[in-house]
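Note that subunit A is present in both complexes that follow, paired respectively with subunit B and with subunit C.
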Partner chain A sequence: MTMTPERLRGATSGRAAQAPVPPARTRRGGTRRQAAWAGLIFLAPTLIIFGYFAWWPIAQSVVLAFQQTNLVDPAEWVGFRNFEILFADPLLSRAALNTLWFTVLSLAIGLPVPLFCAVLMSELRRGGTLARVLAYLPVVIPPVVSVLLWKVFFSPGESGVINSLLALVGLGPLPWLQSPELAMPSLVIVATWSGAGTAILIYLAALTGVSTELYEAAELDGASVWQRIVHITLPQMRGIILVLLLLQIIGAIQVFTEPYVMTDGGPANATVTILLMIYRYAFLFGNYGVATALSVLLALVLVLVSAIYLRLTRSWSTR
Partner chain B sequence: MHQRTRCALAALVLVPVLAGTAACSSGGGGGEASGDGDGTVTITIMGKPAATNTAAVALFERQVAAFEEANPHITIEASDVPWDAKTFATRLAGGSAPTLLRVPLTEPPALIERGQVADISDVASELDSFDDLNPRVMQFLESDGAVYGIPEKSYAFGLVYNRDLFEQAGLDPDSPPETWDEVREYAKKISDTTGKTGFGEISTNNSGGWHLTGYDYSFGGRMIEQASDGTWTAAFNDGSAHDVLEMWKAMRWEDDSLGDNVLGKQEDLVAEFTAGNVGMWVTAPPDVYPNYIAAGGDPDVFGAGPMPQGGADATLAGATVLMVSATATQAEKEAAVKWIDWRALRPNYDLEVAAETAEASAADGLPVGVPVAPIFSEEAYEAYRDAIAEYVNVPVENFAPYVGSLDAFEYVPEPAVASQEIYAALDPVVQAVLTDPNADIDALLDDAETRVNQILAQNAS
Partner chain C sequence: MTVTTPTPRRTRPAATPRERAILSGFDWRRPRIFVGWRAMHIALFAALIALGAVPLIWMLRAAISTTTDLVQHPLSLIPDPAKWENIPTAWTLLDIGHYLGNTVVLVGGSWIVQLIVSATAGFALAVIRPWYGRFVYGAILLTLFVPGTVTLIALYLTVLDLPLLGIGITDTPWAVWLPAGANAFTILLVKQFFEEIPRDLFEAAQLDGAGWFTIFWRIVLPMSRPILAVVSLLSIMTAWKEFLWPLIVLTDPMTQPLAVALPRLAQATDPAYLISGLLIASIPPILIFVIFQRSIVRGIGFTGLKG
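So, the complex of A and B:
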């Protein structure tokens, strides 16, 4: 929690009232009060804009979770009915498990791949810039375009792009998006492909902060490249890895574009995620109350996950 | 990690998740009279053809100009954005929903129930042709004696097929299959001889549930039934839906005639069919034909046959209907209904206008004379056909098997309540059968029945 200007003011005036105050102290207190006011004035536009466009909708959506509305007539209070409808929906547990599965898969694939690429690219003597551009290129492509592109790549049958490549090594053809087992891993591949560029750049930036003296010392001691990575690079980057891991968990739990565009939750609900359910409740069934109730639940889960994660990793990150 | 960072992360989590849905919660608003006191009114309407279909856009714009000239106090702002439940909700919330909505017949019950469309009884009943409108469609647009919409066109499911592929497979393109057994046999022949998909199927975006419903009707089944106390329950967990799923399973895994790509929606199949990669599929032939032509399809290759039957002589019927947003003012309602009459009804009952429209369409290279299921009486439709006869440019004989079947079948409407939700609940059933050779049809139907009953119970409460 940050100190609000009111708290700051209360704290300074309270202290001023306690004891005889030397003149210099009053001056300093007055300066501090003025600074608080000035700060508030400078902050006001940001606070108003942020409050109106970010926090006010959040507050409204929490209220909407307990209402039923058609967006024409005034909303009607229904108490916990939206949550009851939600928990009676057998798809909820399926969507939760699918979302968890997507998150696990995207951590298993999506965390090591960019880290490995970044370390590899930092070791490049030549062509580093080109490698960075190539790695970041997928991020520049609009998500729907890249997802549709992959949909074509994943085309089943022998003529599909990926299946043609597999055929060269005598494998396949595989029913990528058409199989309940393969559909989710396929989506993870797409999500990793389109998101890895950003993570690579962040890792590369972090890598420049690793002291070169440590490498030099290690080289003098005869450490191999692998030993240098394990004993110097990774420990030095643990803070950034930790943050990116958390962001990845949060992002993966909110996955939407890939299942929406590529599979519409299919086949046979194999890729229905929580966000896809929220979307369907809101925009397909017109039940905004239930959709918002699920949004609120998801937000609570994410806050809880973040808190637990940060507590568990606190000692590691500050070591 | 520091507390401040933790707060920032919590905010990071909350904002994107909630802000999206909260955007819908900013209340109704909008729709206040756009008339400005001097009797003029501006309405926003859906139904302008897609920009890629330049000929249809030109005709539409001429109609708008003529309408505005005849009604100088009305201004029309047209949009080519098609009906989309998700954009409608947000536009309604933002006060920018169109005055005139153009929606499929599955939508009116929910829109009426949610109070999102206006009662237009007073203005609609004054139309010359109102009493002649087909009661089969009107029953879905009326509720408690009030009228909420007017049909623009109606359709019945039929079989669309590629006449070239039929010939290549040694089949007679003038005799499309009439039963599901024949469909299965023809599909296998087409895929065996040509290597193309014998029978195309779709299963996402509610299209799987939609097709299961239509096929179920042809076996004599129904999706939901109403008890004497007015409550609805699922009725599909019986022999007929089971037969449909067994047939799909056999065609997909035994015959290998459904192709590999079964996870698509109608637009995907139209593209594949236009490209000549699909032998047959089920849809509304008159509805699909203009899209097929606009996408560069060859008119002579397009064939339309009867809805294949499993013994019931029934077909799923639907329509495109026009409704007015609940936020419209009285002046906007009147203007919208005037426009409905001008664009959608007059060319069907006013023979002079029908001929003029047909002539202009033909001059623009648009399909004229696609056989449809009429929104007025058979007699009115006959007179209309005579009036446009000289401008017909569609190979009507290719539609003969479809048209011949229309009188023979019972028209069964889509589920009267929660149709889209029911379709959404059935999509996974269809997808399971088409993607998993070991799918347990009984278990799938049991699950779907429980789910649909839940939906119906929630809908009633």
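So, the complex of A and C:
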């Protein structure tokens, strides 16, 4: 996925020629061959499990996308028919736009808020552990549980928890999951609630790596706290921010549990995502070929996003 | 065979408070900064409590409330009247014990498979280092770049009818246990840890006549408790949260874990009982997290990004 053309070229030309094969650490003759056998025995569980449940499905995905399979009749080679069916489905563009909208919304909250929280938390003199536990608790809750819990919170009418809160400040009640405009933001709220803790902890770990000498020097030069954050903290965090941003994009594009459990794609298809479509094609319509074709398209989009992203960010992150 | 087991090398000194971070001691003595940051910290804690603790307390309150109380006082955190019998009623009514048992079985098996795969693969790649190790490692890393959901359908068809073996393992725990082992992150983590063990140790043991298995069992594993603990915690927490995969491969309701059963039960259950179920499904991971929070937080620092 992150194999950019540059890196591939580097691997085939420069690096392969330079890196010599490490000499086998042999003490007696035959150890090398013996290591090969022993290695095979220890690798057997890995080879079997990765073979069956990682490498074979990856290879199969490419084949299945061009086949018609319903598990009853023998698989039939259909060329690009699956893709034609997919592109004729009016729901595809809807699902793609919904997924994009979900991704944009969840980045708008999911990027700045955890970063801000982490910077605040790193300056805590007391209660740091408690703050970390509180921030991470939502992540620990199984996603299905948080989705079902928030579904209760979002219940419409004046007795809903969120609507009661809004009523305290004189707003609402709002039809959260029942209106096509609000359904997607509601899902984003749940997804952010259950995901932000991880980002906060990763930022916190990265923040402890910023060298204190830099802050000291900046302070001696008269830099204000705000200037220190902007000119020292954020630049030092740039690498991890960029990685997390990419992972958040990739994760958001694959959103499933929230729309499946909370809205089942509704109302009026407002929360049908790409993954929900894949699931429906396979397990509702039994059309595994079309489902796989959509998976392959999704994989291509993810590769493309990563490649463009890495290309765009390379110049900043190495500066 | 006498191999003295040295203390694990990764033990870190107890976390000492940092000298300073963005703010210095001098800053803290300036009234404007002191008041401003204190206020922000208080606001932060208020937000963390409101978002981290209150929803869980509300879940506990709702689990022991009557439905009318829930409708009339949705914001209250104290049930009136408290109906503790809700929880045992929900337990029997929704058959929660059965689904919880299924969850434990699925999580336990996934954990064991992940431990076996990551420890043996890490040992082969980092210690034995056969000549083809680089290629195997490369092939393992490749799977990191293919998100699981992308190969979902092909994986399902594989599990439905395992190639060469011709058997299907859907509706059996194996369908969850075995794919859990194909996790490149834990292999990466364990391999990196094993590589830091000094090689002299293995060579000395070999001169004493120890075979690879002895080295693995008597030297490497005892030294690797910290990393195996991190892998265990991560794999257990991940397996407990799993939803989409069990939903697909465990179509027989009797084999499903609680996470898959709950949305199905939600459609025809009184909210208070359903929330009892949600509460029961959350307690084990919350307990594990609160007890082991230091190791888990460190594990997230290690893997960083598994999210």
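Things worth noting here:
Basically, the second predicted complex is superposed on the first by the 265 of 319 C-alpha atoms of A that agree within 3 Å, B and C clash if a C-alpha of one lies under 4 Å from a C-alpha of the other, contacts with A are read in each partner's own complex, and residues count from 1 in each chain.
Operating definition for what follows: a contact is a pair of C-beta atoms (placed from the backbone, for glycine too) under 8 Å apart; a residue touches a chain by one contact, two chains touch by 3 or more.
Source: prediction; values computed, not measured.
Shared-chain residue A:Ala38: touches subunit C; no touch with subunit B. In the superposition on chain A, A:Phe285 makes contact with subunit B only, while subunit C stays out of contact range. Looking at the shared chain after the overlay, A:Thr198 reaches subunit C, while subunit B stays out of its contact range.
In the superposition on chain A, A:Ala88 makes contact with subunit B only, not with subunit C. In the superposed pair of complexes, A:Pro142 makes contact with subunit C only, with no contact to subunit B. Contact with subunit C, but none with subunit B, is seen for A:Leu120 once the two complexes are overlaid on the shared chain.
Number of subunit A residues touched is higher for C, counting subunit B against subunit C. By the touch criterion defined above, A:Ile58 lies against subunit B and subunit C together after alignment on the C-alpha atoms of chain A.
When the two complexes are overlaid on their common chain A, residue A:Gly266 makes contact with subunit B while staying clear of subunit C. Within subunit A, the residues touched by subunit B in the first complex and by subunit C in the second are 1-2, 54, 57-58, 60-61, 64, 69, 71, 247, 250, 254, 278-279, 282-283, 288, 291-292, 295-296, 298-299, 302. Within the complex, the subunit B residues that touch subunit A are 1, 3-4, 6-7, 9-28, 85-86, 89-90, 92-93, 110, 114-116, 203-206, 259-263, 265, 326-327, 420-421, 424, 427-429, 431-432, 434-436, 439, 447, 450-451, 454, 458. For subunit A in complex with subunit C, the residues that touch the partner chain are 1-3, 21-22, 24-25, 27, 32, 35-36, 38-40, 42-47, 49-50, 52-58, 60-61, 64, 69, 71, 117, 119-124, 127, 129, 131-138, 140-145, 148-149, 151-153, 159-161, 164-165, 193, 195, 197-199, 201-202, 205, 207-208, 210, 212, 215-216, 219, 225, 228-229, 232-233, 240, 243-244, 247, 250-251, 254, 256-257, 261, 275, 278-279, 282-283, 288, 291-292, 295-296, 298-299, 302. Residues of subunit A touching subunit B in their complex: 1-2, 54, 57-58, 60-64, 69-75, 85, 88-91, 155-157, 173, 175, 177-180, 242, 246-247, 250, 254, 263-269, 278-280, 282-286, 288, 291-292, 295-296, 298-299, 302-303, 306-307, 310, 313-314, 317-318.
Note for the complex: subunit C touches subunit A at residues 18-24, 26-27, 33, 37, 40-41, 44-45, 48-49, 51-53, 55-56, 58-59, 62, 70-72, 74-75, 113, 116-117, 120-121, 123-125, 128-133, 136, 139-140, 142-147, 149-160, 162-163, 178-179, 181-182, 184, 187, 199, 203, 206-207, 211-212, 216, 237, 240-241, 243-244, 248, 259-260, 262-263, 266, 271, 274-275, 278, 281-282, 285-286, 288-290, 293, 296-297, 300-301, 304-305, 307.
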